[in-house]
Structure formats: C-alpha cells, structure tokens
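Labels A, B, C and D are assigned to the chains in the order they are written; within every chain, residues are numbered from 1.
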C-alpha cells in the first residue's frame, strides 16, 4: 500500500474546514479533478459531522482521525472515532420526492456520502473504534504508478 | 504652429462617435490625461450637436470640420460650420438650482463647453464660416516640445 | 449603445451600455417611454457600462423623471454610476435630485 | 464564512460567503431568524461566493423556507448559485422547489 496521510483533530465542528482542506490537498496531489474533490469534501464533511453529532453526542474534546490514501485506482478516506457504534442499516433513505413543506429535517448526510462516493463502509471494532471507509475511483496519472 | 489634424464629416449625429474618437486619439497622442480627454470629448460633442441641430437645423448633408492642434501648453479644437451664425451672448445660463420638476429642458450644451474647457470662443466670418475654438491647458511631456 | 430592459415585479430595470450622445439619446427616451406606456413608472437605470452621457441623454432622463414622479410612487433611480458620468450629472446639477444607488440590486430593492 | 444583510424595501438580501458546514450553518439559521423576528418573511440568499453548502445549511434553508411560506407572500429565494452548490441542491431534491434566479437583482426584483 502507498503512503497514508493522517490528520488527527479534536471532535469539534470548528475543525471541519481544516479537515476539508487536508482532504482536498491530498486528493489534489493524487491527481483527482476538481469536481471529484468537491464530492469528496462533501462526503467527508457529512461523515465527520455525524461522528461529532451522533457518535460523540457533540462532545468536542474527543478524537477524530482522518486518513487518506491511494489504493489501486481509488482515493480512500478512512474516518475513525471512539464513540457510540452505529448501524447504518437502521436509518431510512430520505424521501426526496416529498414537497418541501413535508420534508423531514435532516437525514441527508449518509445519503450524500453514498451518492457521492463509489463505496461507503461502516465498521466497529473493540479497540480500533468505529470506522467509515469511503472510496472514490479516479484515473491516476502518476508516473510511478504500479498500474 | 505645430501640426493640425483635421476631420471633415457630414453634419449627422451619427458621426458624433467618430468625432469623439478622433479628438480623443489626438489628445492622447498629445499627452493629455484621461480626465481631461473625457472633458474635451463632452465639450466637442456638445459643440458639434449644437452645430448640427441649430446652425444646420438638423440637416445631415452639410459639412462639419473638426481640427485639433497643440499650441503652447494648450490642446486646441476648432469646429467649423457654414450654417446660421450664432451669438452666444444671447443665451441665458441654465438655472442649476431649480428643482428638477421646474428644470427647463436643455440649455446645458454651451454651459458644459464653458465649464469643461479653459476657453471657448465663437466667431463668424464671411467665407470661413462659423467657428468655435475651445482650449484646454495641459502640461506637455513631449520630448521635442519647443517650450 | 445598447439598452437591455428587464421587467421586474415593482419596476423596469434598464441596463445602459456605451455612448448616449444626441444621436443615441432618442433611444433612451423611447425605452423609458415604452415603460411608461406599459404603465410602469418605476424605472432603474443601470449606468455601470455607460461610456458617455451627454446633455441630450440628461434631457431624456429629466423628462422621464418628471413624468414618472407625477404618478404615485413613480420615480427614475440610477445605479452604479461611473465616476466620470457622475461628474457630468453633478455639473448639470441633477446629481443631488435623483436617487443614486451603488448597485442595481439596491436600486431595484428600493422600490 | 460571512453573512452580509441588506434590508431592502420588500425583502432582506443576505449575501453569503465561504463555507456553510455544520459549524457555520447555525449562523445562517440565526440570520434568517433575525429577519423573521424583524417581521421580514421575504428573503433572498445571494449564493455567488458560497464555497460549500452542506446538509446542515440545507436544513437551515428548508426550515426558513417553510416558516416564510407560512406567511402571505413570504418566500426564501436564491440567486447566483454556483454550479457545484446547485449540484448539491439537486442531489438533495430541493432545487426544483426553491425559486432560483441568475442574479441577486432579479431575485430582489421578483418580490
């Protein structure tokens, strides 16, 4: 596996801008196009927001770990927390056909992650914490690519 | 006296844009700044409009002559027509203090010419026609200036 | 010279471009009269791209201003007036009389 | 993130700049609530300089939209939405529901 870049910050929404910048920078270096980078920023932002708001119940003194790597033809982001585990199958899809007046508030975060990334996997480990791994395919133009 | 540039056009308001461009070009070559050039454009535009509308009574097939030269520290524009002579002393100054509702329509042309140029002289000759000569002072930065 | 008319809910927005001398001022006059014939007496002139605005254009502006203000709530307001054009309006003594806004959005939002 | 509020005759114009994520969305929520507390239920969001608009900001928008439209003539309208932000609004299914204008002038002029 290639290099993995890691950013470790406190679980505050004030760090979302720094996380977005860190991920965008890594994706740019890897050669992703601007539209893909924007998609990734949204997915990461939503995932980290959920971790802070749900897994950590808005406590801002906990640890949030964001790792980026390139694996084969995919840009991979792994987000780790040590809060309340989460079963993604328990949440319903948002009803996007409903008129605005009847729209339930929220429920877009996980939907955005799934729609904008090529794969999203949630997992929970005893000491490794909760992880969400998101992958975005791209065409690497790196000269020393092993592909 | 230095070179005199002349533009000779038909007395149509359609030629006002070309006249403005001609005068601006000469003034730029002479080294006048943009604000002065704009002032000159207004004065020339108003003078030519008056010639067309009053001296030529809007006939568009007559001759309008615009000459530009630099004399000492002045940019000089001479506009010649062969229409009805004009006594500038016969026209009153516009009342700029009047409320908009009571403003008489017009009467700004000669006022603009006098305010924007350093001197404006009207004259009438038997064969040389009617002339208005307008002068704008400036600081020539020409290397082979005789000053 | 070009005039683009946008009919909004409360006013007509006229974007003026280029030279308004005695040759082209009649078209400005016409455009404002068209609004008034249409029953619209609230007019915004977006002056941002005006290169020249001579006494004939000022005359057209003053005429429309008078007519519009004869109606309740009617007015002609200016937006984004370039410095040089502002200088001309000041010289003509009409700058203090007409309402002038920094942007077309503010002028439209004033009606 | 920055919000500049301009109070116009018929509506409040909110110019949004920068990132609206779950950290800054509460300020958008607050700004729109301030307008409503002020009795203004016609709001234009100028989105031109928005870099990011996440689900928290969308939530704030939907909330204000609902509240404003409960009043007569009330509405939240968007202007100058950048392509990428438009894509997010489309994904969330709200692009077809909210009125979106090319420029703030047109949005303000629609009220």
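We take it that contacts are C-beta pairs under 8 Å (C-beta built on N, C-alpha and C of every residue); 3 or more make two chains touch, one makes a residue touch a chain.
This one's a predicted model, so the numbers in the text were calculated from it and none came from an experiment.
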When you check each chain against subunit A and subunit D, which touch both of them?
none
A correct list of chains touching both subunit B and subunit C reads none
Would you mind checking which chain's C-alpha centre is most distant from the centre of subunit B?
A
Need the CA-centroid distance for the pair subunit A / subunit C, whole Å please.
53
Rounded to the nearest Å, the gap separating the Cα centres of subunit A and subunit B is 70
Whole-Å gap between the CA centroids of subunit C and subunit D:
30
Dump the list of chain pairs that touch, please.
A-D, B-C, C-D
In their complex, what parts of subunit C are in touch with subunit B?
19, 21-23, 52, 54-56, 58-59, 62-63, 65-66, 69, 84, 88, 91-94, 97-98
For subunit D, which residues count as touching subunit C in their complex?
6, 8-11, 13, 103-106, 108-111
Note which residues of subunit A are touching subunit D in the complex, please.
12-14, 16-17, 20, 35, 38, 41-42, 45-46, 49, 52-53, 94, 96-97, 99-101, 103, 105-106, 108-109, 112, 115-116
